[in-house]
Amino acid sequence: METTTASPPAGYVPSGVGSSSDSLAGTRRWAVVLGLLAVATVLAGLYMVFFYAPTEATMGIVQRIFYVHVPSAWTAFMAFGVVALCSAGYLWLRDPRLDAIAVSAAELGVVFTTIVLLTGPLWGKIAWGAWWVWEPRLTLTLLLWFIYVGYFMVRGATENPERGKRFAAIVGVVGAVDMPLIHMSVQWWRSQHPQAVILRPEGAQADPAIVQTVLVWVLGFTLLFFSLLLFRYAMERLSQRAHALRVAH
Amino acid sequence: MSTPAAPAPAVAARGVEKWYGPLPAVRGIDFALAAGEFLTVFGPNGAGKTTLLRMLCGAVKPTRGTVLVGGGDVAENEGARRRIGLLSHQTFLYPGLSAEENLDFYARLYGLPRRRERVQEALVDAGLQDRRGDRVRTFSRGMQQRLALARTLLHRPSLVLLDEPYTGLDPHAAARLREVLERLKDGRTTVVLVTHNLSQGLEQADRVAVQVAGRWVSDEPRAAVDAAAFERVYTERVGAAA
Amino acid sequence: MSAVAAGPREPSLDVHASPADAAEAWDDAEAAGGAPFLAQVWAVARKDLLLEARSRERLLSMGTFAVLVAIVFSFAVDPAVRARSIAGAMIWVTVLFAGTLGLGRSFALEREAEALTGVLLAPVDRGALFLGKWLANMAIVLAVEALVFPVFALFFNLAFQGSLPALAAVVVLATVGFMALGTLFGAIAAHTRLGETLLPILLLPLLAPVVIFACAATQRLLVGRPVSDVVSQLKMLGAFDLVFLFVCTAVFGAVLEE
């Protein structure tokens, strides 16, 4: 009862050698394009930070850290959004490409989250004299960091790697569902206590020049995120295929 | 599930494959058994026989292909699973519960009518009536196997799957198991037995298959198999295909 | 499944076979898959509670741990501090860690003799399996909480001034959410190499809302504030519970798949 040679499920091995390797080359091309755009935007942003945006009245030079802090926060949460969507998709469709996007976004996400958690206290110490304040957004970011850690720990801790990917996807989905609830609870929590420190990174008045500079940086970081995401995705897909080829022999 | 005009096979596997990521466990198996047939599958360790059994009962979802039991897809259809019993080398029993409590639990899960009576009958049949209140943890391997068999047959499955059931049994327990297997040949119950013990596996078989590296390398009626020659040929085939 | 092919032979496996049995065997085969959903939930919950009642291992270990934590708090908290003002915090920290302790055991029991595979073979709805385990975990943790509150009241000389039914509501609602996430991640942790050590890492960030609202509500009730002051927390806990009971039940099947 011999059957014809079976092949691994779709997504693990290229169905046609030409087509799929082209699609990865296409991916890399886009990654380079986005990367170049990102660098250009960030350079423009740097120029704006030092020559365009005014020095903020109350906080001084130090306030410029926030041009890195805020875009990083935006990117960190956007990354988690990508993780959550792709995780939900992976649980539903079991397509390894969705998992590849999710893990790439998670890796980038944890890096940007770390940047937020480092720049926040740095600024806080210099501006307010306190290394850490339980400001709602900072608190949410701290918890997000730990959810990312959980994502990676669960992913790597199983005997069967496919199961690990599924478990990680569950963490992604449950974490995403919890985000609004955590946000609401932390907001409520801080509202119960008088605010010793009020974090108004945008400054007392929202000077249009400052806002524009921030937006440029946000754009730059977003482009950078997607560029790196595509590079990392291509790497992950290659590693999946290498693994597939290795075990086939 | 309506009974079709022509009798559907009791169990059918169509192009069944199981991949763990890029790793194959079962590479494509096709067969159909009529009701009452007894199939024995031989094969070395790592051939994927356990995975095949697990797919036949719906515990594991095939990556490709379907398993139909009584016409129903076993991975989707809970009703189809209702007719299947699996005996593995793991007993699937809770060591901390008594024999009676274990059977009662499974009876509840399957929603069996006359639960108490059925459990008592099963205990008597397994010869465990006087130990029914004792925790399974205190049972010998042979007694646990008898209770596991009782659990397997409690809901009167029409498809019985046995994964190397003779493992670790002393001659007395093995003889008892042999009796039960004989009784399963009642014309209604379909049986798939997996083993690597050639003589034991051939005893009740109507059909004999050999599985190596996730595929079947032979599938013949028992009548076509000469026991003595089979052993020689089996060793050859397993060696060749490995 | 061809009824036709059976022929005249007795389709029974029992020694005490009878025509009545034979007829019933056919009825069984034609019956719909398995017991009704709630019956399955109850079967699973009952089994877990039976196991616990037998050995009492989770209750004892969680209870002992909780009392010891209370003792540690007694040593740790500076006498100058009014214990009353941090009682809510101490109690819920204790409950959180004691509760997490028992969750790993819930699934370890299924892995002995691979009992879980046997259960999965039966036409059991995965959601029913989750809810059954969740119910059993709830009962056990509620029992531990029933110990924790009096122990803290005793050690720190706390006189409870608020509404007891409201406190009960807080405890139950908080435990529902805690055990929903706990049962899901307990199942996940049981299938990893790290096992139970993974559980606090996964659970604690996600349980932040439960901690925040439960502690606040408990504290307020302790000092005698009116029930109206805790209604918003109760509502938030309820929302958390509804969301996660739904999500965890839906996702549980994906945890158990091979």
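Residue numbering begins at 1 within each chain, and the chains themselves are lettered A, B and C in the order written.
The definition used in the following text is that contacts are C-beta pairs under 8 Å (C-beta built on N, C-alpha and C of every residue); 3 or more make two chains touch, one makes a residue touch a chain.
Everything numeric in this text was worked out from a predicted model, so none of it was measured.
K.L.:
Please indicate the chain closest to the centre of the assembly, with centres calculated from CA atoms only.
P.N.:
Here the chain at the core of the arrangement is C.
K.L.:
If you tally the C-beta contacts, which comes out ahead, A-B or A-C?
P.N.:
A-C
K.L.:
Please compute the C-alpha centroid of subunit A, do the same for subunit C, then give the distance between them in whole Å.
P.N.:
33
K.L.:
In whole angstrom, how far does the Cα centroid of subunit A sit from the Cα centroid of subunit B?
P.N.:
Between these chains, centre-to-centre, one finds 48 Å.
K.L.:
Could you check subunit C for residues that touch two or more other chains and list them?
P.N.:
Within subunit C, residues 257-258 contact more than one other chain.
K.L.:
Would you mind listing the residues of subunit B that make contact with two or more other chains?
P.N.:
Expected reply: no residues.
K.L.:
Residues of subunit A that touch two or more other chains: which are they?
P.N.:
Answer for subunit A, listing residues that touch two or more other chains: 160.
K.L.:
For the complex, which residues does subunit C have touching subunit B?
P.N.:
1-7, 9-16, 24-25, 28-36, 39-40, 42-44, 46-47, 50-51, 54-55, 109, 112-115, 117-125, 257-258
K.L.:
How about subunit C: which of its residues touch subunit A in the complex?
P.N.:
For subunit C paired with subunit A, touching residues are 181, 184, 188, 191-194, 198, 201-202, 204-206, 208-209, 212-213, 216, 232, 236, 239-240, 243-244, 247-248, 251, 254-255, 257-258.
K.L.:
Which residues, counting only subunit B, touch subunit A once they are in their complex?
P.N.:
15, 17, 19-24, 27-31, 63-64, 209, 215-219
K.L.:
Please output the residues of subunit B touching subunit C within their complex, sorted ascending.
P.N.:
Residue positions touching the partner: 1, 3, 7-8, 10, 34-36, 54, 57-61, 69-71, 77-86, 88, 90-97, 101, 105-106, 108-113, 121-122, 124-125, 135, 151, 153, 155-156, 158, 183-184, 186-189.
K.L.:
Where on subunit A is subunit B touching in the complex?
P.N.:
1-6, 8-9, 12-13, 96, 160-162, 240, 243-244, 247-248
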